[in-house]
Amino acid sequence: MDTMRIAVVGVGRIGLTHAENLACRVRGAELVAVTTSDEKRAAEARRVCGAIAVYEGLDDLLAGEQLDAVCIASSTSAHADNVVQCAAAGLHVFCEKPLALSLEDCDRAIGAASQAGVKLMIGHVRQFDAGHVGAKARIDEGAIGNPLVLRAISGDVDPPPPSFADPAVSGGLLVDAMYHDLYISRWFMGDEVQRAYAEGGALVDPAIGAVGDVDNAIVTLRFAGGAMATLFVSRTCRYGHDLRVEVIGSQGAVQVGYYRHTPVRLLDRQGVHHDMARTFPARLGDAFVAELQAFVDCVSHGIEPPVSGEDSRATLAIALAATRSMHEGRAVEL
Amino acid sequence: MDTMRIAVVGVGRIGLTHAENLACRVRGAELVAVTTSDEKRAAEARRVCGAIAVYEGLDDLLAGEQLDAVCIASSTSAHADNVVQCAAAGLHVFCEKPLALSLEDCDRAIGAASQAGVKLMIGHVRQFDAGHVGAKARIDEGAIGNPLVLRAISGDVDPPPPSFADPAVSGGLLVDAMYHDLYISRWFMGDEVQRAYAEGGALVDPAIGAVGDVDNAIVTLRFAGGAMATLFVSRTCRYGHDLRVEVIGSQGAVQVGYYRHTPVRLLDRQGVHHDMARTFPARLGDAFVAELQAFVDCVSHGIEPPVSGEDSRATLAIALAATRSMHEGRAVEL
Amino acid sequence: MDTMRIAVVGVGRIGLTHAENLACRVRGAELVAVTTSDEKRAAEARRVCGAIAVYEGLDDLLAGEQLDAVCIASSTSAHADNVVQCAAAGLHVFCEKPLALSLEDCDRAIGAASQAGVKLMIGHVRQFDAGHVGAKARIDEGAIGNPLVLRAISGDVDPPPPSFADPAVSGGLLVDAMYHDLYISRWFMGDEVQRAYAEGGALVDPAIGAVGDVDNAIVTLRFAGGAMATLFVSRTCRYGHDLRVEVIGSQGAVQVGYYRHTPVRLLDRQGVHHDMARTFPARLGDAFVAELQAFVDCVSHGIEPPVSGEDSRATLAIALAATRSMHEGRAVEL
Amino acid sequence: MDTMRIAVVGVGRIGLTHAENLACRVRGAELVAVTTSDEKRAAEARRVCGAIAVYEGLDDLLAGEQLDAVCIASSTSAHADNVVQCAAAGLHVFCEKPLALSLEDCDRAIGAASQAGVKLMIGHVRQFDAGHVGAKARIDEGAIGNPLVLRAISGDVDPPPPSFADPAVSGGLLVDAMYHDLYISRWFMGDEVQRAYAEGGALVDPAIGAVGDVDNAIVTLRFAGGAMATLFVSRTCRYGHDLRVEVIGSQGAVQVGYYRHTPVRLLDRQGVHHDMARTFPARLGDAFVAELQAFVDCVSHGIEPPVSGEDSRATLAIALAATRSMHEGRAVEL
């Protein structure tokens, strides 16, 4: 394959990011089309991506284009069906996280890709951030000894658009947002989670509570080998897009994250002032390019992608256990 | 009262710190005696405090000196009896944290002080650290809106001496060490804890596990008003004495703690390097002076101390609930 | 003009950066050709830029392509002639800094562009770095009061390739490297320099001294309005690409620069460790895109570029005065 | 000598600091008296130091007390005479910096101490700050290779009281304030200064200009071995007491100074905010204790103090050369 012909399914916030990266920044791939039934989004996609085809939906896309691969960025609840359909069409699949909202759907999607012999990679974007990559390398080289405890915070400045608040579509806060911290926990600790306990609440936004979700939550994890983690996720971090994770080991610790964004510091009679990243593109822009580049490279060279469907399934299993714990007020074993 | 005559009961690590501060740094008090049956500690106390009397125990001390107040730094398991005896002798009492190992003993000590009409203050040292004081002021002035979630880490470089490892004497990791994070949580959040969940393990030091204690633990708290906290305490933070706490509120966040200690930074081909505080005196030295100064000032001016016996009792109640949660594998309501 | 057809003249280190940015990241421009007589560089340019023409030199390029604009990244000693030739051909010109090695050549180039009615913009890349832009905005909005003193450091990790060391080609350390600090000084202080004093030495690399240049230098500037600046430039900052500038004003100060690069911090028994940017692309990569985007946008909209030939001339005048000061051991008035 | 009997001559801002430290924090010394003709200062000295004698002047003091040593904190213009008188009385002398306002007076004071066989130590306080001590240790152990260039800033928040502004009493900005950076430069670089160039101005406070002094100045130094330094001193750093120094060496760099003071960070929609030290006691409080402790210990053990009269004389020589440079607009050789 010389240049991979790829399309993006769904161009909401994250799909548009993927489309622009495929059009402008990823090497070895050519963005040929996107799908959307929204005319405004179609226009926006054309504006940032140049001359591309726009299809109403996946059926049209598959009928209308000769593709090598797809990038699925539809609603989470549609992921599994999309993957199955694209795999059946012989296309390699990059699918946004999580792979599905149920373990059964995960299995169905994984099976379809396996049967079709196509690559399936899930968008665990933080695994491609230079900070997380560097920390993982330090852990793997033994710089902190045995990992004992992981602490993480993931804070968004503002609640997402209402569409995300419907747990039936997004899976809820733990499946949708804390998911990132869960796969990072598995990856950093190199172990599987055995027990989860969660506390959560709609502490700021009653609208989120009204649909049965929470806007802030804390999850405690126990790993099979005895290690532990405490994760905090928030939709209401007014001060910035605050991603931090640290692992304390038997010989030291490693931390990812920082507060500075623009390298400017103001000093006046009130003190010292600077900014921090306020959006996920500001914090993770390069990682979104890197993950798609990894997908394209793996397909090109016929090697397994670094994030598998099974990784997403295992992550979802923890998220579902934590969600159950939150609703039932008790620790849940996996 | 011109200058308060005070004695320190018990001159282990923390008692010696108090003695030196009373002898050299606290104004309005005169350290006249300490108690210890260990000749080496007696010599060390004389070396750092100058000409003071040394008594074998509390009975001798009370018989031998005309005192205004005592600072109790004996084993935690002896605190309550010591407080009762000193209160009965009409002495004002500063008692190291926690006040006792059971709520009943707390009540007994509080009652004795109340009946005797003497001041009773408990050593919640972090409430006198400039960092924690500054953060509390910011919270109280509304700079972060409503406090929603508190995250804390308390890490000691190395396991304490074996004497601390006996939970019957120290109360165990949550009562002895996480206690600090618990009173800070109540103080910062301005609310009472309703539910606690804990995970812990003897992850590094099997000797700690052998006596039924843990060396690392995570506790999740739920407050009456809905707010939450996640606390991590460790005896095995090899890299430093790592005290950090942050409160995320509805309008912003405030953080206490830092990594720099000596203001020196080395830059070389390997990167950028600096040190951090490695011991509690390095991190909290000034706070130990400030808390005793507050006690002396309150007694001098006849006003109530800023940390009451009831504060210690409420803190202990959380620590005991968390300890039960850790042993029973379930959330515990207070 | 729909899409500007542009070529890059010279594809050394910086020319290749410009070519790649024009090919992949700048909107509204199409890179159609580069010039180089070196076959390896031609191959490298094709690798990073895709299908482009490669010409031996400027004459061939102008004969062979229909262009709208050029980006001149040849040796500094060739800049002026290149600008004159391209302007005469009716092309808009983006020229790397400095515009020339003498004020006479600056005037000749400025005059040629003016007469031809083409835009001429000089590559003052730091004026397009988010950090410097943010600081300038703070100064302009009055956040620091009147600017009083500017302090800057510009450190490269390692000496540049030998070609740069020949002052007859590069202009020497002050014209080639400190030039950046000089235009930032004019820009931040909003004033013209009146007097310069320089000390310099070949402190590390005798080869640099052998050709009459220095590898480390300090320059003091006096501005017409009384403000001052102290600039330090080094070819031998082993620890990183260290760009920092601060302006102290009558009401506060603003600082540009930082030490963190990858957002990872390692903590161990030796202390706290992290990395910093080691190369100019790592520190200024986005700024190189932004300056070319500004050029393309100005040409497209027919407006004056934000950095003029006169800006480069004024900057060079200071660099030449400082160089003279260094050689003559006395302050030099401009 | 068991406990050294010492008196403080002059209890202005700095003398009072020394008196309090000798009374409360320095071991092995007993503060027995101070001199002042100002009744308010006498009362203040008694308040912070307890029961001490107060004399009108040095004659009275020497007549009235049996002393072992004195700490001279009178006006700089009186230092030399005070040292000579105390040395003649057989007293060991700690003298605030600078030793005198002329090299002749330095020689006179040094000679008097030498002839009397008493110790003479000058108050180079930054040499006792943990940050500067740590950096010097790193330099000495070779962590940065050969020191090449030193950069320093010393900024005071606000102009000092009018008495300091009279150059005839204080020596002017370079002798009074930049003096600190000059001795640090000699100490860190381990070399002598050969040439100085200075630019300065009364940029903020016309009253300072009216008496012939400046409020901001930049000094460039050339060392005998070729190394260089650039020092900036300001009376008008509105944002804090900003002490920073860095040494760039052939293999790395070391930096002293930081912006954080209270370990609290506030994060809100406007960004990240924290404080920095605003006064010299906040930044250097411990160093003032350490330097007097060093003096007391040296006298007790009969060893030479770490800062000699010759160190002060050499520092003053640079300050005087820089002052001349500033007035004459040319580099001055030492």
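For clarity, chains are labelled A, B, C and D in written order, and residue numbers in each chain start from 1.
By our rule, a residue touches a chain if its C-beta (ideal position, glycine included) is under 8 Å from a C-beta of that chain, and two chains touch if they have at least 3 such contacts.
Keep in mind that this is a model prediction, so the values were computed, not measured.
Peer 1: Is the C-beta contact count larger for A-B or for A-D?
Peer 2: A-B
Peer 1: If you average the Cα atoms per chain, which one ends up farthest from chain D?
Peer 2: Following the centroid criterion, the farthest chain would be A.
Peer 1: Would you kindly tell me how far, in whole Å, the mean C-alpha position of chain B lies from that of chain A?
Peer 2: Comparing mean C-alpha positions, chain B is 41 Å from chain A.
Peer 1: Using mean CA coordinates as chain centres, what's the gap between chain A and chain D in Å?
Peer 2: So the centre of chain A lies 57 Å away from the centre of chain D.
Peer 1: Out of chain D, which residues touch more than one other chain, so two or more?
Peer 2: Only 238-239, 242, 251-253, 260, 265, 267-269 qualify.
Peer 1: Quick one: which bits of chain A touch chain C in the complex? Just the residue numbers, please.
Peer 2: Contact set of chain A toward chain C: 24-25, 130-131, 134-135, 138, 143-144, 251-258, 260, 262-269.
Peer 1: So in the complex, which bits of chain D are touching chain A?
Peer 2: 238-240, 242, 259-260, 265, 267-276
Peer 1: Sort out for me which residues of chain C touch chain D in the complex.
Peer 2: Residue positions touching the partner: 145-146, 148-149, 151, 153, 155, 195, 197, 199-201, 203-204, 216, 218, 220, 222, 226-230, 232, 234, 236-239, 242, 248, 250-253, 329-331.
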